[in-house]
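Worksheet: one structure, shown below.
Each chain gets a letter, A, B, C and D, in the order it is written, and its residues are counted from 1.
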Amino acid sequence: MFDYQFFLEVLIGGLLSGIMYSLVALGFVLIYKTSGVLNFAQGSMLLFAALTFVSLVERGVPFWGAFAATLGVMVLLGVAVERTILRPLVNQPPITLFMATLGLSYVIEGVAQLLWGTQVHGLDLGIEDSPFEVYGVLISQFDLFAAAVAGSLVAAFSLFFRYTRIGLAFRAVADDQYAALAVGLRLPRVWAIVWTAAGVVALVAGLLWGARLGVQFSLSLVVLKALPVLVLGGFDSIAGAIVGGLLIGAIEKLSEVYIGPYFGGGIEGWAAYVVALGFLLIRPAGLFGQKLVERA
Amino acid sequence: MPGASALRQRPDAVLTPRDATAALKAAIGTGVRAQDPSASTAATPVLAIEHVSLAFGGVTALADINLDVWPGEIHAVIGPNGAGKSSLLNVVTGLYQPDRGRVRHGGRPFAHVPTARLARLGVARTFQNLSLFKGLTVLDNIVMGLSAEVRSSFLGQIFGVPAAAREERRHRAAAGEIVEFLHLTEVADRTAGGLPYGIQKRVELGRALVAKPKLLLLDEPMAGMTLTEKRELTGFIRTARDTYGTSIVLIEHDIGVVMGLSDRVAVLDYGRKIADGTPDEVQADQAVIDAYLGVAHDVDVGGGI
Amino acid sequence: MSYLKHLKSAVIASAIAVGFALPAAADEQYFPLQSYRVGPYAAGGTGFFGGFIDYLNLINIRDGGVNGVKLTWSEGETQYEVEKGVEVYERLKNNPGVAAWNPLSVGIAYAMIDRITQDKVPLITVNHGRTDSTDGRVFPYVFPLLLNPYSETSGIVNYIAGKLGGQDKLKGKKIVVLYHGSPYGKETIPIYKLLADKYGFEVQQIEVPHPGNEQQSQWLEIRRAKPDYVVLRGWGVMNPVALKTAQKVGYPVDHIVGNVWSNSEEDVIPAGDAAKGYVAITTQASGEQYPVVQEIVKTVYGAGKGNLEDKKRIGSVYHNLGIVNGILNVEAIRIAQGKFGHRTLTGDEVRWGFEHLQLDAKRVEELGAKGLFHSINVTWKNHEGDGYVTFQQWDGAKWNVVSDWIAPDWALLRPIIEKSAAAYAAEKGIKPRTSEEAPVTTN
Amino acid sequence: MATPVRNTPLVTPERLGVLLLLIVAYGVIPVIGTGYLFDAILTPFLALSLAAVGLNILTGYAGQVSLGSAAFLAVGAFAAFNFNLRVPGLPFVVSIVLAGLTAAAIGIVFGLPSLRLRGFYLAVSTLAAQFFVQWALTKFSWFSNDNPSGVIDAPPLTLAGFAFTGPIGRYLFSLTIVVVITFAVTRLIRSQTGRNFVAVRDHETAARVIGVPVLGTKLVAFGISSFIIGVAGVLWAFAYLRTVETGGFNIDRSFQILFIIIIGGLASLRGAFLGAAFIVVFPLILSRTGAALFGGVFDSGVLEMSQRIGIGALIILFLILEPRGLSALVDRVWDWVRPRRAAALGGATPRSFFIRKLQPKGRT
């Protein structure tokens, strides 16, 4: 007898997890869209933001004060990255920039641990994490909250990019760097802003994930969860990140529960990649017709 | 000769819709290539484009195009930017699949030309933007033009079995001839990516020529060249045709070059063919003048080639 | 600028250090430390190596060394990376008077097995390492002291039996083992099956892929299975996430029993309130109330030589493990000195000490460690030492011991270990030792 | 023949240099080296160099980025272990070749997405190999001969009846394998297949039009690359570490190898060796100098973290100063010492994913 209630529970759990993946993926998308780089340092930015925040709170800074201060730090980081890394490497191929972000992740991790130590921290956002039941299906309150935050963040970014001058510049650059340059957009400024935005995403994702995992080094590993989302949804599509995240989350959980037992379990780690790849084989244009798939 | 049998099955009847031009074609064919022993196959076009249409998301790129290229002929395709010239070449080489119509290579009809088999069909092309293998030397680039004829496996190549070594020597020798022919000896061992634009264009021509194709498609070979370079390259193209008997489809903006070099000229405008004939005919065509040559005065005459 | 000042003092300090380091003191026993204070596992590394160094310092300051033989050490940072560990090994192994190696890293320990066997120096893998190295006949130089994974498994099952009211009560019960998707995590799968068959309980083993930061599906399965107990065989971030997710699916935390790598403050603090009531196995109790820890606080930290930067971590699980590890190393040297004389010993002599490392309850009390750990009884055949285990419960701020010292079912496990060791011996062409005095063969 | 076919003289500075290196590697180093040099520096250096040579074929020459190299190291190591264990009497060198072939087969399977994907999409897809292989090797204990701890141990190293033991033996064993494969690879990259790699990398469409079998070329690249990385895995596991678990072949290792070829120089065999030397030696130098200078002032944690920052910053600085890698740097120094040297062989500036996006005003 197929247990529909259980299926539903796994599905909903997967979707809610997926939103958390989307949140991490969003940081990648922002940077990829404008500079064509997979920012490997996104994970360490996430760690750095969460660690800074939690360390400030532990030193007695009130919640919003710490939030504002961390936000400031992330802005500084964004600007610094543009100045010291992107600008000198402006014409380099994507793979070089990718390696530079790998170097950047070393720097950020080192600075984070040097500043705040290597201890693990608990992070309590004050959200009750006890479950409630809807028709016998268990739903986590915290996950709902996280989904709401992720959703509003995406909405905020969409509005920002649609209705502000900077947003327009962002879309122009994403569309065509040459053209953007030709009409006199200042690429460095757009990049600085985008990195700052990615920093903000890192902060929010860092707090939500940090509340789940604790704030510790492994926080930077959550990027591995975002990568299949990017393959499926496209590196350059905000909508793709959201839908891809939901899909990957759901598929991952369902396959672990229903297919995993045939292999002895633990297939979550690669199942998401295989599904994303399988999907692209059938539909090479991806979810939202990303470029770069198939021939350029 | 993989195309030989296909040539024979090409029915002459297809020519009937345009008998008038057929006579002209024959004249050009014999005129230019009187001494060519293969002139007897002149009745079969090397390339025939039949009713080809192509649209990108509602925007028409090509509308019911017909075009025949005869052996030994230099057939130019001109038209304003966006007229569909490069799309036409991409259809001919199978990079695009036409929505309607067929392409015949040496008589064999294709709804979608198989790009991978192109070289074996005796077709070579150059690209509008440089398409050299920048990481290879000039000589190696030209050797690559013979890729379709490689038979040895990578193991044979690593271990240097006699057949592989012979093949490599043969291809290098063939490439060496082209290097000499195109006056590239000086730069033969230089990495292609670092050479001046004009020379890279010439290397690309060499890579296309080395396999002695029956049909050569040149997509704006002169773009961005200096006058001297253009003059040089024009000479090469003409000599190539005369030496190897290659038919050439030439897309070019420089009207002077086109009129001086081509046997026939087709004019595209908004995806339609509005004229096709000898340079003189085309220059006199009112539709062409309206659409394209209306501003004929500032056309670069290309130094009277 | 302060940096310049630092630089200046650094130059002076290093000049002094170099000057003093050159002439080696008369009798010294040296501990090369492959520590990790940076990287993903730095929290554990600073605690463990901090405790180890603190204890060595205590012996030096309080006793002037072991019978007059000074203890020295130097650190090489590995970041928990295997090749860095190997590099440190090769770099430090030629220092005079190497006593033993204590990497506290599975990967590094594995890469050293061949090397230390050739170099004839003991390798101490307290609470970790390869299980079959318990068989000292095949692995003469490897010592998985205190607890190997098999004993741990048996200890956990015995604890659960005790909670239920006796081993006969296990019958018909259901236990889920949630394990880390790595060789480490998988190691006990057959043992849980074996014990389930023996005691008649049902066991379901569920894998969490590394790193384990997502466990939604696993815990939904657990919720559906409705087990009486869940054993958490975790590692790193997997532990707090397990506790958090358990709370999310409404599984009672006091029915989760953690294994020896799921038992530290670092594993529960990130889980916050979700960890309150969680129970985990340990070989050494935590807390600073034990005399030896108090002495370290007074003597070592009092003299400003304490190794932990964060004093709050004194008495934490990793710190106390480091201290216990220090006790075991120092006592092995002391025992070996009893046979070979009060001087710098060779690695092989220290091995002899470890193979006679028998600390009964009385000796443990003399060492100021009563209640910190139970006892140890290493022999040339048994390199684990019949470690007793205890269980601690997290109250939201600290660990509290909630059980007696529990003995694993050694007799049941020994044949399995010997079988695996024999397979290794066959693969490598090693002839197992047949008696204590038999020469140690290295291939 | 008057054609400009490369008529390299028998003795070139390059060949002389390689010969000299070989003499030093075989004749001098074994005499003067210490155990530390062999076991901690040279053997891992050789294993990583070979892995980098393998990845360079795929990424540097054929232009397909892979983040799954560690998976193929693992496949090579575990396959060699099993062939050696389960086929009695099989010469060890045959085990190595079979291990390489196993890695090649799996590499081709995981290379299939390259027929559709490119750039970062492909790079991320190769992570599937990384996670799958690690999972499978852990999951099925058969691969590790049912060892309870999931580890495999090195069998005795023999080549052609000669047993290599001790630090020098293991070094010579690794050196011999690396030299043989590197020699084969130099031949490969100058062959038609090698040109096909570069052609596919530099202009896939043009390559297809010319008649290069694009799909086949990509899969051959994956196969050869995985073969070599698999053999490197044998060296890493058996000549260097000697007892390994799957955990050692994690994603960090994959990044390390990618990093080696980028820092060393894409599409340069010399770069693979320079990069590996940099990765193995440079952190040691940094850490030793740091400890010597500041050891008395800061505790080792602070020192190590500063070094991590230092390494990261240097990576970035290096990429800014010489994005084409150490190999290009050496060329530049060489040019400076001996001006007007003819341009180097092989691929200098890879295209598409690898080239600059906006054409700079300066040199290419």
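Just so we're on the same page, a residue touches a chain if its C-beta (ideal position, glycine included) is under 8 Å from a C-beta of that chain, and two chains touch if they have at least 3 such contacts.
Keep in mind it's a predicted model, so treat the numbers as computed, not measured.
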Target subunit D, source subunit A, minimum contact steps: 1
Partner chains shared by subunit C and subunit D (touch criterion as defined above): A
Identity of the chain that, by mean CA position, is farthest from subunit B: C
Whole-Å gap between the CA centroids of subunit B and subunit D: 42
Whole-Å gap between the CA centroids of subunit A and subunit B: 49
Separation of subunit B from subunit C, taking each centre as the mean of its C-alpha atoms, in whole Å: 74
Separation of mean Cα positions, subunit C and subunit A [Å, integer]: 36
Two or more partner chains touched - positions in subunit C: 37-38, 42, 46, 181, 209, 309
Contacts with 2+ other chains: residues of subunit B: none
Sequence positions of subunit D contacting 2 or more other chains: 131, 135, 139, 205, 301, 305, 308, 350, 355
Chain pairs in mutual contact under the definition given at the outset: A-C, A-D, B-D, C-D
Of all residues in subunit A, those that touch subunit C in their complex: 3, 6, 9-10, 13-14, 16-17, 110, 113, 117-124, 129-131, 138, 140, 142-143, 209, 212-219, 221-222, 224-225, 252-254, 256-257, 260, 264-269
Residues of subunit D touching subunit B in the complex: 1-6, 184, 187-188, 191-193, 195-196, 198-199, 201-203, 205-214, 220, 224, 267, 342-351, 355, 364
In the complex with subunit C, residue positions of subunit D that touch it: 35-36, 39-41, 44, 85, 131, 135, 138-139, 141, 144-151, 153-156, 240-248, 252, 283-284, 287, 292-297, 299-301, 303-305, 308
For the subunit B and subunit D complex, residues of the former touching the latter: 93, 95, 115-120, 124-125, 127, 131-137, 139-140, 143-145, 147-150, 152, 154, 157-158, 160, 164, 167-168, 171-173, 175-177, 179-180, 184-185, 188-191, 193-194, 207
Contact set on subunit C toward subunit A in their complex: 37-43, 46, 181, 206-211, 213-214, 216-218, 220-221, 223-224, 236-237, 240-241, 244, 247-250, 266, 269-274, 309-310, 313
